[in-house]
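Chain IDs A, B and C follow the sequence of writing; residue 1 opens each chain.
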Amino acid sequence: MEVTVKFIADLIDAEIFGDENAKVSNIATIESAKKGDLTFIANKKYLKYINSTGATAVILEKYIEGSNVTQLVTPNPYLAYAKILTFFTKREVKHCGINSGAVIAENTKFKNRDNVTIYPFVFIDENVSIGENVIIYPNVFIGRDSVLGDNCIIYSNVSIYHNTKIGNNVTIHSGTVVGSDGFGYAKDGDKYFKIPQIGNVVIEDDVEIGAGCTIDRGALNSTIIKKGTKIDNLVQIAHNVEIGENSAIVAQVGISGSSKLGKNVVLAGQVGVAGHLKIGNNVMVGAQSGIGKSVPDNKILSGSPAIEHSKWLKWAITYKDLPDLIKRVRKLEKLLGDKNDKN
Amino acid sequence: MEVTVKFIADLIDAEIFGDENAKVSNIATIESAKKGDLTFIANKKYLKYINSTGATAVILEKYIEGSNVTQLVTPNPYLAYAKILTFFTKREVKHCGINSGAVIAENTKFKNRDNVTIYPFVFIDENVSIGENVIIYPNVFIGRDSVLGDNCIIYSNVSIYHNTKIGNNVTIHSGTVVGSDGFGYAKDGDKYFKIPQIGNVVIEDDVEIGAGCTIDRGALNSTIIKKGTKIDNLVQIAHNVEIGENSAIVAQVGISGSSKLGKNVVLAGQVGVAGHLKIGNNVMVGAQSGIGKSVPDNKILSGSPAIEHSKWLKWAITYKDLPDLIKRVRKLEKLLGDKNDKN
Amino acid sequence: MEVTVKFIADLIDAEIFGDENAKVSNIATIESAKKGDLTFIANKKYLKYINSTGATAVILEKYIEGSNVTQLVTPNPYLAYAKILTFFTKREVKHCGINSGAVIAENTKFKNRDNVTIYPFVFIDENVSIGENVIIYPNVFIGRDSVLGDNCIIYSNVSIYHNTKIGNNVTIHSGTVVGSDGFGYAKDGDKYFKIPQIGNVVIEDDVEIGAGCTIDRGALNSTIIKKGTKIDNLVQIAHNVEIGENSAIVAQVGISGSSKLGKNVVLAGQVGVAGHLKIGNNVMVGAQSGIGKSVPDNKILSGSPAIEHSKWLKWAITYKDLPDLIKRVRKLEKLLGDKNDKN
């Protein structure tokens, strides 16, 4: 699709320095861009290409004097890139309705049957509500009494257990399981006696969940993923966990039962969080770390068990020296022992 | 459902101090309980509420003098809670038979076709046996020659490869894969040549397996999960592994090929166990630990590689001090060098 | 099936010392083998059984003087074992064609409709190409514009997103997801703005992927798994990753976005690799390690963060001594302080 530089500037809320009527139809890297392309500079080291680029217009954070290329100035060029790429790659969704190869309970409540797409081999149990513009791919199971908000996309082979409440604009990737029983048992001698898991899962608006995740239902109440949070692949979220707004949980993280995370938390890949903890707002945790205690707001931690990230960095470059250090201390002890003997 | 205190006392094998004919219909926390509710005290710190609770009866470990509330005394109040909750939340299962949207081989052997529930989009291959009261949710695949015992629940999107033998009262949550090929190859120069995985998986009675797990079939013999063992989500169990009775394997654990675990083993989240090891009875391993050697009975280990848990606790609070310790040793060396120079 | 020793020798390219016309029909361990069985010695400690074994023929690396049993001498007896086991256990595949319970777009391109097997509840979207001798198990989803080469086996409940390109002889085990969106967002204040993931996944010939894996599509270009690579279960491969030929990625490994691995790389279980790294050819990494920097060819690493494996081994046996070492240094400081005071 061809649009004007003016149209793009409005889309990304940028100031134009140059020809607002020039036409663009694509976004490309600064080195490969040619006439009709937009490009962007999110990293200063690419500023040197500004005069050699073939792009029709360049998006950047601050206006550069003495360049001939049209400039679109906006505080966050990377965000602008994401918005423009979204615009250029958006596929027209033609809603296909409910395929006759799906099995859907008669009392399913559709907000608008005309703008949903339900593929074959989807099973929807009793008393489910489905919002507008929802797409449900093949082999999805949705348990009774569940709710899906507007604009949800549920990819193939997802399992959603009964009574799950999902908000608007939620995307769940293939193979993910929402609402399975939490790991709760009472000891009965050597045996385990199952504790019924009678809570549910609540997923708020604008959440995206990757592929192959497992999110257990609450034991008595709800497991909650709050608005805007993004979850990568193969993440385990145990019963009664709460994850605050706009958090990012990277692949293969595990969060144990009843832990509550604040807003804007970032857990890097393979992190483990023990149960019954409170993790504050804006906490960031490095990859493979183990969180065994509650964490106040704004901390940056790494290591297993986790310590301040700055301390961990020092440990990380010295830990290999421990065997040598032991030898050095032994030598000192020997030296000092000799001295003591001499005295 | 409303029942008498006497009925509950029989259910949990408790002694009654108070009105055995009082009616109860729910279980609640000690602070929120009101007339008609049962409550329980599993932790001594809640004993202070015994006189202020609105509950009709309280379950606890030892009789408390001078309280007016009816008391049900039993050695394990938490187990009693689990049993009562199970009683109050049990849904009547109305078996729906075999949905015509399932594809089931003609030679499938049903112990009793009238009390099974098989949802649409289930595929059952040749020569499978299905016990009584089995429920199989949508999109489950069961390979040829497999056996499911009585009272099994197989949730949606589970894959069970051929020749899997599953006992009674086994529950498998969504997305789990049982019987996939083990990771076995012979090196052929730079290439890998696949070793046929011709064993199977045996799951004994009373096992529960969480969501998104992978349990590989044996290379020549069986991978075995013994009676009463509970497995959380996203757990990897490699070929030829054996897990003893009443063990608990927490989320994201990985157990490598041919390792044998004893009874009552507990592996916390994200633990890794190397291959060809023997892990004794009653072994407990802390989260994220790495087990590289066989472990005798009754050990408690933590760390990667794992050491005695008590030693690991000391390491865990001191490891951040290593960079500082290196400086201190350097200073001592310098001091001692100077002294040596002076002497 | 009964065959001659000569037939087996040809199959595994071995030299025969003994009766080439003897008949064999099975492969067994050296201690359990009886007449009509082959056995093999891949480990020298089993050489002692060569005169007592009941096997008709034994496969080994070097001819042993003075033994009566027929010997098949080949440089890699374990590989020979794999080849013979493959021969004896090969099931005749009777291709069943396309089951009417599958939903397949009309414009699907089949190389040969007569030798494919597609089970019920498979959904194949528009414009997919399917090679010869392909088997697709129930509940598989294949997105539009995807390609499957010859002899592929796709097990139940696999999800393959649109535009995935899969070569010949590729096996994908149950529950695996190929082509889900990468974890890519631009920050928009506190919120995350999704970056469209418009690349795809390319899987070359002879790749096997285990159960429950997640392989994200490229953001702009391709995520690539090269020829002959084997991937175990529950492995996470992020967007834009490339894995070189004949690599082995063990269970629960996570590889972050845009990292490129060389040929013949081995990553043991639960390893994590950070993003945007280059891992050289023939690199081996120990279980649970964390790779935070690029790695040159031929390195063997362990630990988190990873160091030379040989150094890690020394650390691994001494790290528990750190708390004690701190005490010893304190004592030295005290001693030396006292000395200083005395001076």
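Keep in mind that, in the parts below, contacts are C-beta pairs under 8 Å (C-beta built on N, C-alpha and C of every residue); 3 or more make two chains touch, one makes a residue touch a chain.
For clarity, every value in this text was computed on a predicted model and none was experimentally measured.
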Turn needed to bring chain B onto chain C - CA fit, degrees, nearest 5: 120
Residue-number overlap at the chain A/chain C interface, same or different (half cut): different
Chain centre separation (chain A, chain C; CA means) in Å: 27
Two or more partner chains touched - positions in chain B: 121, 139, 157, 175, 212, 234, 252, 270, 288, 304, 319, 322, 325, 329, 332, 336, 339
In the complex with chain C, residue positions of chain A that touch it: 76, 78-79, 81-83, 85-86, 89, 99, 101, 119-121, 137-139, 155-157, 171, 173-175, 206, 208, 210-212, 228, 230, 232-234, 245-246, 248, 250-252, 263-264, 269-270, 287-288, 304, 316, 319-320, 322-323, 325-326, 329, 332-333, 336, 339-340
Complex contacts: residues of chain A adjacent to chain B: 103, 121, 123, 139, 141, 157-159, 161, 175-177, 180-181, 183, 185-188, 190-196, 198, 212-214, 216, 234, 236, 238, 252, 254, 256, 270, 272, 274, 288, 290, 292, 303-305, 307-308, 311-312, 314-315, 318-319, 321-322, 325, 328-329, 332, 335-336, 339
